[in-house]
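Can you keep this structure in mind? I'll have questions shortly.
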Amino acid sequence: MISIQQQDFDSGAEYAALRDSGAGTGAIVTFTGLVRDSGDLEGVRGLFLEHYPGMTEQVISQLVEEASRRWDVRKARVIHRVGELLLSDQIVFVGVCSAHRGDAFAACQYIMDALKTSAPFWKKEITTDGEHWVEQKSSDLEQSRTWE
Amino acid sequence: MTESHQQAVTVRFFARLREELDTDSLILPVTPGMTAGTLLAELATRGGAWAQLCGDQPVMIAVNQAMAKPGTVLSGGDEVAFFPPVTGG
Amino acid sequence: MISIQQQDFDSGAEYAALRDSGAGTGAIVTFTGLVRDSGDLEGVRGLFLEHYPGMTEQVISQLVEEASRRWDVRKARVIHRVGELLLSDQIVFVGVCSAHRGDAFAACQYIMDALKTSAPFWKKEITTDGEHWVEQKSSDLEQSRTWE
Amino acid sequence: MTESHQQAVTVRFFARLREELDTDSLILPVTPGMTAGTLLAELATRGGAWAQLCGDQPVMIAVNQAMAKPGTVLSGGDEVAFFPPVTGG
């Protein structure tokens, strides 16, 4: 299940829902991304996140399908917030249930790495001095290419 | 001149491009065999902020909400989007 | 923090405690292991987990230290249950906070993989036909060696 | 004969070994230069279930609650543990 939303999410409730995925599940891996000072600018107060409605959901759903082809994935959940976020706010949640821990780790990390470079979200940093669109990091591109 | 839906594409811009072009979306005529790259080059000839569409900074392309390449051929009714490299997550 | 305990744990509460780790945290990865039918035996009803009190805590604490040397680890939490567990019960929780997602994934998976081969826990499967000590899987040894 | 604490080691068994040897722990004398491997071999000479300590199945060794090797030299007061490969997590 994929959600793009302004409101915050409850990671505990999301974990509980993932856990309820049948007796075959032996491993659950979750990733949560929080807003932090990227270090590119001084005095970051928060972020504004824009997305491409419709395409975003489609891209993430294809990433989850690709992960399910490569690894044992019993259940997957992706939540990505948009709009204005403050420092330490939750931005993104990726949770994967699998029979085996190696599959759960790989599928969760694959979805997250690929989301970073192919899902249409854009971050603007809001600092005490104004606003500034965040540039893509080459490290994200490289991390995503390791899965090809 | 009125373009029928079949001969036009919707062009959308996001993030920095949307702001700098001061444009959310456009409806533009499409000619047979026209590619996303040709459309991008045409828009760049408008000059000013539009010139950056064929400038140093990479522009990503989506056609019908799927990532596409400059060579992707457009058809009437398509939704084409141009945007900076993504930075979510 | 490391806990070896008989009682169940609340993954949501553990996540909330990890999240409260300062403004530098940008990524939280959690792993939870659940009791599942290993497929080695028919009719598994549950597990009995034995451990070596004292040594277990020491080994896990060294694994967390080693992970903190290799990657950016802001906070780490390990919980491992012992005693009798039923199918779908939670066995183990590993949670890691980091500035970066790559570090959070790597540190969490490293701790879990190394725990599997070096922390003194032993599983006995309880089936409808009796009990049976689980043998170590060569895949676990191999997975752990990939970190050397 | 009474061994002083300085000349004895505590030997502990876990899991399948504990059950099959029907023994949680032993206090045994230690001679200078004695290794964990020598102690294991001595215990195996007791025969019966004890023979498996030098059998086909691997036996893991800990000395003072840290993983050790057969060559690890023992001192009086050490805690030595023998157990099957671990299967937690």
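Labels for the chains are A, B, C and D, by order of writing; each one numbers its residues from 1.
By definition in this document, a residue touches a chain if its C-beta (ideal position, glycine included) is under 8 Å from a C-beta of that chain, and two chains touch if they have at least 3 such contacts.
Quantities reported herein were computed from a predicted structural model and do not represent experimental measurements.
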item	value
Centre-to-centre distance between subunit B and subunit A (centres being mean Cα positions), rounded to whole Å	27
Whole-Å gap separating subunit A and subunit C, where each centre is the average of the chain's CA atoms	23
Centre distance in Å when subunit B and subunit D are each reduced to the mean of their C-alpha atoms	73
Multi-chain contact residues (two or more partners), subunit A	33, 101, 112
For subunit D, residues contacting two or more additional chains	89
Chain-level touch network, classified as line, ring, star, complete or other	line
Touching pairs among all chains present in the structure	A-B, A-C, C-D
List of subunit B residues in touch with subunit A within their complex	12, 14-16, 62, 65-67, 81, 83-89
Parts of subunit C lying in touch with subunit D, wherever the complex brings them together	33, 49-52, 54-55, 58-59, 80, 91-92, 112, 115-124, 133-136
Residues of subunit C touching subunit A in the complex	10-13, 15-16, 19, 23-37, 87-88, 90, 99, 101-102, 104-105, 108-109, 112, 143
